[in-house]
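Working notes for the structure below.
Chain IDs A, B and C follow the sequence of writing; residue 1 opens each chain.
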Amino acid sequence: MAENLRIIGDTLPGVDMNAPLLEVEDLRVEFKIRGKRVPAVRGANFSLETGRTLAIVGESGSGKSVTSQAVMGILDSPPGYITGGAVRLHGVDILKQDEDTKRGIRSNHIGMVFQDALSALNPLWSVGFQIGELFRVHRGSSRKDAKKRAGELLDLVGIPDAKNRIGHYPHQFSGGMRQRVMIAMALALEPEILIADEPTTALDVTVQAQIMRLLKEIQEERSMGLILITHDLGVVADVADDVAVMYAGQIMEQASIHDVFKRPANPYTKALLRAIPRVDTLGQELEVIRGLPPNPASLPGGCSFHPRCWAAEEKCSVEEPPWASVAEEHRSRCHFAEEVYRNER
Amino acid sequence: MGRYVIRRLLQGLLTLGIVLFLLHYLMALSVQIRGNPAILFFGGDRTPPPAMLAQVEKLYGLDNACYDRPGDPCLVPFVERLQRYASGDLGTTLNGNRDVGDLLAIYIPNTLRLFIFSTLTLVIVAMLLGTWAARHRGGFIDHTVRGTTILIDSVPVFLVLLAYVYLAAVPLTNWARDIWGADTFMGEVFSPSYDPDHPWTTIIIPGIIVGTVGLATLTRLVRASQLENLGSDFVRTAKAKGLPNMRITVVHVVRNSMIPVVTGVGYIFAFALSGAVLTEGIMNIPGMGRMIFQAVQRQEVNLVIVGLTVTAVVVVIVTLIVDLLYAALDPRIRYE
Amino acid sequence: MSELTAPKPEPDTAQSSLWKDAFRTMRRRPDVIIASLIMLFVFTMAAFPTLFTDKSPTRCIGSDARERPDTWFTGEHPLGTDQFGCDFAATLVHGTRPTITLALSVMIVAVLIGMVTGILAGYYGGVIDAIISRAVDVFIVVPLMLGAILLLSLFRGRGAPDNLFETVAPPAIALAIFGWMEFTRYTRAATIETKNLDYVTAARCLGAKDRRIMFKHILPNAIIPVTAVIPTTLGSIIVAESALAVLGIGVQPPATSWGVLLSNGTQWAAGGYIYLFGIPLLLLILTVFSFATFGDALRDALDPKLR
């Protein structure tokens, strides 16, 4: 299969294969709404290695989707603008590339799966056309060839009778099957990174597990980097390797999934964990985080979580906490990270 | 699909049947109230000998006694009329005694020509302006396009035509003839009235002017549907697929935006038929609109009914085509 | 849950805030303000013509015929005189009332017919829907202008009308008969949409009567798309009236309307008396433009997702 072989440098000049797969450094995104600048992402830092899964967890409005769209380069501007930071893919800052290179990076290097497949697929074209389009635009395949490849992909993501469903339209698939189509489309050009933005939120619980398993299988098979964006820590518990917790446009804590669940170093993470129903807390009342996430247009001073934090002290409303290490590969943004980590708070 | 078309055609036939009857009833009422139009045959002023009048009345099917009783729906002549139409006999005109079928063969193509140019103008201009405005949403261009199209739509189209005929046509024709010569396309196109020797050329300008009717509505529709699609999730997916902007616009936006446009054009088409009356009158185009207007004025019962039925048939067919196009454009729509 | 509290009926609050929001957005737009001022001016002219002119349009002096308005807006004849020597400004001002009365009455009748038939068809469905939909089809296949021409020509009255009603009634009736279907369509669509909403189903389960559901829940929703097209429709009725007048079958002289003035004006425009045509034309375009601009903004305000 010679045509499947490709050289990464073709679509991404200056690549350094020793550099981490994806590094996001101090990424900042602002929205301009009626002349006002509203920060949506305020310095996001994370990195992703080949074959690993990173879960970005946060409430709605925490900036997790905006982060992924900024990485992908599909932020709607206006109103959204990337105002600082770097996104390095194989050591190359993709924010600094020209439009054509950026276009080539999308789907050649980073694929994306969206939440609601029904609206994310064009209702007027068959799924075969929409998948095949990638081969035709990026690989110059013939119509017939593209259709054949689309069929193979549908088969790969576990759609029964794939050959005969190439000509079907998105509305003719069930919710889970549609999400599989989305995944097939994201995988088409064999990207090194897959970003899945709430891939299971719109689905039934039973189907959710199937889709998660599919994503995990494919990721392991192809040793891709997978970024899972979700508001539900429970969903990612057995899939993710690392977790980044986002709140009000900042990453509050990043660590391995094990550390996050066992020894969280941030009060916000702790609060999130207490809100998940678990076998060992059966019969107890679930805790709810009091208050609402802040309005990004008027963030509280100091630590943005302090108005809702049970551990907050005066310092928290004045001084912004540093992004500090509490252990190896475990960082947190809290004045009392050490104490929380040692479970003293 | 086939069953749907058949059902729609049957519905259309029912509609046409009702229209035919209502027209017949209206015309019968008019004869009953205003007096017998057969007198027209004799020039209108003189009182013809009763025997001859009776003969003419018989000739045109106006001899039934029901025409003397106001309010009588005249069912017998109605059935006779339908039978004649069904056998292909559309009757003759009172004024000049010409075969109505022959007249339609001349008039229908002229009106169709007018519609071809006006529909083309409308769709092309509205698509361009709507797309342009959508790209510059909220900006100066958006507001200008909106204001201009509303202004154009606010000027009654027959007044534009009058202004064109009285003020612009002659100087433009002279100017064009000086440059290109009298017998060229350019020498004919600005002509102030229809010329049967150049049936296509001399209908272009009136067609374009009639095409401005509904411009604001359609432009608005195009703009709105494009905005809706530009902000849609599937366009974001297309961007995430790394497709070039041109391809996103052509493949993923324009086709989706065509759906409301098709509906809008079908709807405006019925209005354009209204516009035909004045346009054809002003530009001297022997078409359906002018024919119906003159027939109404002369109380030509048969001609009015045939003319309006033909326009009704056209509207029924256009509506059906629009609905079928709708299904062709949107796979989610399945008629059964 | 120790006590049952009646939740505030959400649709109602949503409705009132929709109208309030619409009003607020409209108020901020300069084009809407200008359009409203022009509309106010025209309506005032229709209601109180004597505020604008102290002359009678019927007092005509033959020797003063066709005086050009050299003095513009001042002097004996601010806009000159017409072909019979009547003061043109007075003619124009007094011609406003029939035009506006006609437009408003056509609109009111059409909206009433449209809303009643639309709600009945949408709410009950079945046979009623079939009959009303067929009626809509029948009237739609006869284009407005042709239908109006037919009715007006066939039943043209012979005597000269001597009051406003007799002047306006024939064209108004003809235009209303062929102009209600659009409103039926909008109302029917909105009714069907609303009928299946959860809170209407809930109301029906609680035993609300049909009439109550129609007035309390469906009417407020159905009235939105109808309101949005009313200003634009008013404009197009004014245009249709002028077209009928030019064809000689609208408002009949000696009564005046803008259409009649335009129709007379066309005969004199080419002969150098262009003001007799130009001034009513300008007034008509300005008015229709204001209605259309206002209507466009209203549609935007009532359907914010299309803005």
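Here are some notes:
Convention: contacts are C-beta pairs under 8 Å (C-beta built on N, C-alpha and C of every residue); 3 or more make two chains touch, one makes a residue touch a chain.
Computed from a prediction, not measured in an experiment: that's the story for all the values here.
Across the two interfaces under comparison, A-B and B-C, the one joined by more C-beta contacts turns out to be B-C.
Distance between Cα centroids is largest for the pairing of chain C with A.
Put simply, the C-alpha centre of chain A and that of chain B have 55 angstrom between them.
Averaging Cα coordinates per chain places chain B and chain C 23 Å apart. Contacts from chain A toward chain B in the complex involve residues 72, 74, 76, 103-108, 111-112, 114, 116, 119-126, 133-134, 137-138, 169, 171, 182, 185. Taken in their complex, chain B has these residues touching chain C: 11, 14-16, 18-19, 22-23, 26-27, 29-30, 33-34, 146-147, 150-151, 153-156, 158-159, 162, 166, 216, 220, 224, 227-228, 270-271, 273-275, 277-278, 281, 289, 292-293, 296-297, 299, 304, 308, 311-312, 315-316. In the complex of the two chains, the chain C residues touching chain B come out as 31, 134, 137-138, 140-146, 149-151, 153-155, 235, 239, 242-243, 246-247, 262, 266, 269-270, 281, 284-285, 288-289, 292-293, 296, 305-306.
On the side of chain B, the complex with chain A involves touching residues 231-234, 236-244, 247, 251-252, 255-256, 329-332.
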